[in-house]
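Starting off with a structure, shown below.
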Amino acid sequence: MFKKISLITNSDSENIAETLRFLIKFLQDREIEIELDECCGRLLGDTGLPVVPPEQLGATSDLAIAIGGDGTMLKAAHLVCGHDIPLLGINRGRLGFLADIPADSVEQHLEEILKGNYSEDPRFLLHSEVHRNNELVHVRNAFNDVIVQKWNVARLIEMDTYVDDIFVHRQRSDGMIVSSPTGSTAYALSGGGPILYPTLDALVLVPICPHSLTNRPIVINGNSKVDIILGPSEDNYARLTCDGDITMELQAGDRVHVEKKNKYIRLIHPAGHDHFSILRAKLRWG
Amino acid sequence: MFKKISLITNSDSENIAETLRFLIKFLQDREIEIELDECCGRLLGDTGLPVVPPEQLGATSDLAIAIGGDGTMLKAAHLVCGHDIPLLGINRGRLGFLADIPADSVEQHLEEILKGNYSEDPRFLLHSEVHRNNELVHVRNAFNDVIVQKWNVARLIEMDTYVDDIFVHRQRSDGMIVSSPTGSTAYALSGGGPILYPTLDALVLVPICPHSLTNRPIVINGNSKVDIILGPSEDNYARLTCDGDITMELQAGDRVHVEKKNKYIRLIHPAGHDHFSILRAKLRWG
Amino acid sequence: MFKKISLITNSDSENIAETLRFLIKFLQDREIEIELDECCGRLLGDTGLPVVPPEQLGATSDLAIAIGGDGTMLKAAHLVCGHDIPLLGINRGRLGFLADIPADSVEQHLEEILKGNYSEDPRFLLHSEVHRNNELVHVRNAFNDVIVQKWNVARLIEMDTYVDDIFVHRQRSDGMIVSSPTGSTAYALSGGGPILYPTLDALVLVPICPHSLTNRPIVINGNSKVDIILGPSEDNYARLTCDGDITMELQAGDRVHVEKKNKYIRLIHPAGHDHFSILRAKLRWG
Amino acid sequence: MFKKISLITNSDSENIAETLRFLIKFLQDREIEIELDECCGRLLGDTGLPVVPPEQLGATSDLAIAIGGDGTMLKAAHLVCGHDIPLLGINRGRLGFLADIPADSVEQHLEEILKGNYSEDPRFLLHSEVHRNNELVHVRNAFNDVIVQKWNVARLIEMDTYVDDIFVHRQRSDGMIVSSPTGSTAYALSGGGPILYPTLDALVLVPICPHSLTNRPIVINGNSKVDIILGPSEDNYARLTCDGDITMELQAGDRVHVEKKNKYIRLIHPAGHDHFSILRAKLRWG
């Protein structure tokens, strides 16, 4: 089933190293081939296992396992999105929205997953472009969200938003979040956005601290094309952020285009996985 | 094209009567057959036109026109939902989310619409059921929203919510709104819900004044089945409301089931209609 | 110091009875006189201790102790507000905003408090009146909040609000909360209100699901006089609630007047008490 | 009464120049002495009137008049706060929260004000300090708000808040606003804060996009001392903003201290001024 597995982390903690070592032994006992991303390589030192650079990681694997938290899952999603392999998250510390196998029950869960007892949960990626003077100057994927956010200025910034080339509004705010359902429980939630069920085919636009109190989050069809055009006075006063990485500084008139990418991250979960139970645990409902 | 048209109102104001008289003359000049709902009949007195009871209204028509505001559109949607005819709204007073032809430009817009220059905007209905002791005791449609709301008690009420038979949460609140995209700009918006684009295939669950501050609106797939089960102490402390009508009083343990109905209201708009321009006007964006 | 203490509950649970019995023994060992409210009397059966009706309870005591949760504290506040005695809350179950001594450390905390090691935390009461046709028809105190809330109708209700006889706004909503700082962490918080520090001399007006999205909570001076006048169509469509008790049904044109009462509830806490630590625990900050 | 008046603007628009010229003639006709701030000087060119540098502006005047919008009022408040003179705002364009005399009725309103028919509306200033390694490194006033805001980083920042040396919470967010009542209708409102009545003796703490959904705005006594300490990883990831000016970049461990300044800006308004009517107009209530 899973003959070769890529291991990914973004941490340098001894806790993670311990889980990794356990995992490696567990997989080697079952004669599964293993490759490590560079961060795992640095963390573990010499293991005899191949350490693979980002561009090749996962290319010949059947599964990727990320060990860490939701941030690690974001990194892993970017690494494996070019390859059609599933992604599993093992969590050290607090339960994550994405990394939902607790480190202390890896053995039991992994045993089942290796037998094929798991559910697959496809999550779409976002594709973002920046157009400057009618030229495409930047392309980037995001798993959670694409954000146009004020930068280097204390006042609100102005931007125009279009959906499928229809004008939505001119808004003064701290910025605008374009979020996938996956991202709806990340920064978009802090900004006042709704929770989107992960398989919903939709995007949500969440204004950040908008000047107009009636500028509320808007949920649009998943195949919509969103364009956000920076106002004429916003030279170097805004930047683009994808999944929490500062991606580039924006200039007045820049057009940020966001749409669903025709690519899915194939998250896998233990059989019987239930997204609402994760929401209850993370948001402490009840 | 439209050979017979049903006229609908829910008002007794002279303003509406004036628009109705204008409309009747306009349609008669074009030799279009007209029928009136009972409220139009009462308002206009003897016109020689047939006044048709609710159960037959629209059965032989090609189009229904509602004259009033969004409340009139709700009434009209309930009246015509059994017949596969489009529905147009003419607005007296403030612009509506649904009734978007201003009374003072009826002539110009209607001329175009009668020529076939219009766009159709299908909006799904909600279907709601109440189950008591495993028996179906109530069925009702809604266009905007189905609401379980506290009643006759000052404290919060307790209810359990399920989506597709998966437990979502136990919640103490003033109630829960299950809204269609159409209803997302009505009561759900006052309750803190997001705006859903009208053609999005989704429902939104909006808790009303929830005790837990992390109980946020949840947007789910349009084909989801929602069940809300009243807590064991809530005998006669909650009621069901569909589109703002008090529908029935609920008892402890009652299960309110909501899903998308396999029926659409075919709203029609002038060609070039644009939902965001209505949002801008109604919510005074910018 | 405290020669006579009144014990108050509103519960019939065996847990509470147990704490009460422990408390009675503890106080009798220290030769402190005890009186019981009627609910304690019913719960404990014959104890030989005087059971005192509401109107006399606390009249000759030096301290009242409420055993239960925040609801018990509300009851106790109403019972003792006519007498100038401090009030202490002992909590069974979850920590409360008001009842902050856990039942399992009663002995240790009470020992210190009886020695005089405690801090006093005065909380003002609200005074509410209903005026109908220029006649005063109702008077009532509240510790948390006075609420005008829709009732018996599914649509929003309309009301005009005045502060110190200055018109604030005409609002359509599910109702309006006038809350003391003490009540700001109760229902007002679910309605979207801010947290007011307990000793702040202020009231907060929190609209419940207002139709206008810009109708936000307003914090006003503690000595302000608030008047809420029900719209002309709201006959029997709203009611007054004080501290979660349905107080009376309101008619169109009724004027609900709320102001700070010239009376304080003297909450007492163990020395070193810290309101923010209670907020952190109750709201799970951090 | 007002023998000498300082005129202040921060605009270079011809509209403002026109209002200034009208105002100068109006005052000269009444033999009132005039001085101009540098921006008025640049805008009007040679007028024969003294142009006074910031540090001396208002020192010998009896009144300051700001011509512009709320931003101009902020500038004027900073200019005149060292002198005990009242401040009047004349508004070009949209009505302001602070500048409430419309330019087209200057004559009528000013006539009355010069006669002494006006009301005075004292608004307190905030005082902010930055302490680094136990050393005071920065002092600054604010009229609206003091803000610690993330900067140069896409993730949330961590900070600890204290009120009167009592720990409030550790928060991860985009920042924290400490606002005066005056500032409660500015940025704090966009951040989800309540409206504070201008004369309320209170501060409000508004978290910006907090990670914890229960981190709500907190209203505290006006004489409270607020300290916000940046987390240990926030080196150069946050900055201090006072009234919308970027004031300084902050380092890990920096302590930002905010308290009410013992200084009031004496806003004046036409007699019969009513703050709620301004709220209604600005927030389009009703």
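Going by the order they are written in, the chains are A, B, C and D; count residues from 1 in each one.
By our rule, a contact is a pair of C-beta atoms (placed from the backbone, for glycine too) under 8 Å apart; a residue touches a chain by one contact, two chains touch by 3 or more.
As the structure is a prediction and not an experimental result, all values here were calculated from the model.
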### Summary
Greatest centre-to-centre gap (Cα means) from chain A is with chain C
### Query
If you tally contacting C-beta pairs, which pair wins, B-C or A-B?
A-B
### Message
Assuming a repeat means more than half of the contact pairs shared by residue number, which candidate in A-B, A-C or B-D repeats C-D?
### Response
A-B
### Task
Please report how many Å separate the Cα centroid of chain B from that of chain D, as a whole number.
46
### Query
Quick one: chain B and chain C, Cα centre-to-centre, how many Å?
40
### Summary
Separation of the C-alpha centres, chain A versus chain B, in whole Å, is 37
## Note on the structure
Going by residue number, chain D touches two or more other chains at 189, 213-214, 216, 283-284
### Message
Going by the contact rule set out above, which residues of chain A touch chain B in the complex?
### Response
163, 166-171, 189, 193-197, 199-202, 204, 212, 214-221, 224, 274, 276-277, 279-280, 283-286
## Note on the structure
Counting only contacts in the complex, chain B reaches chain D at residues 213-214, 216, 284
### Query
If you look only at chain C, which of its residues touch chain B in the complex?
147, 149, 153-156, 173-174, 187, 189-192, 208-211, 213, 241, 244-246, 283
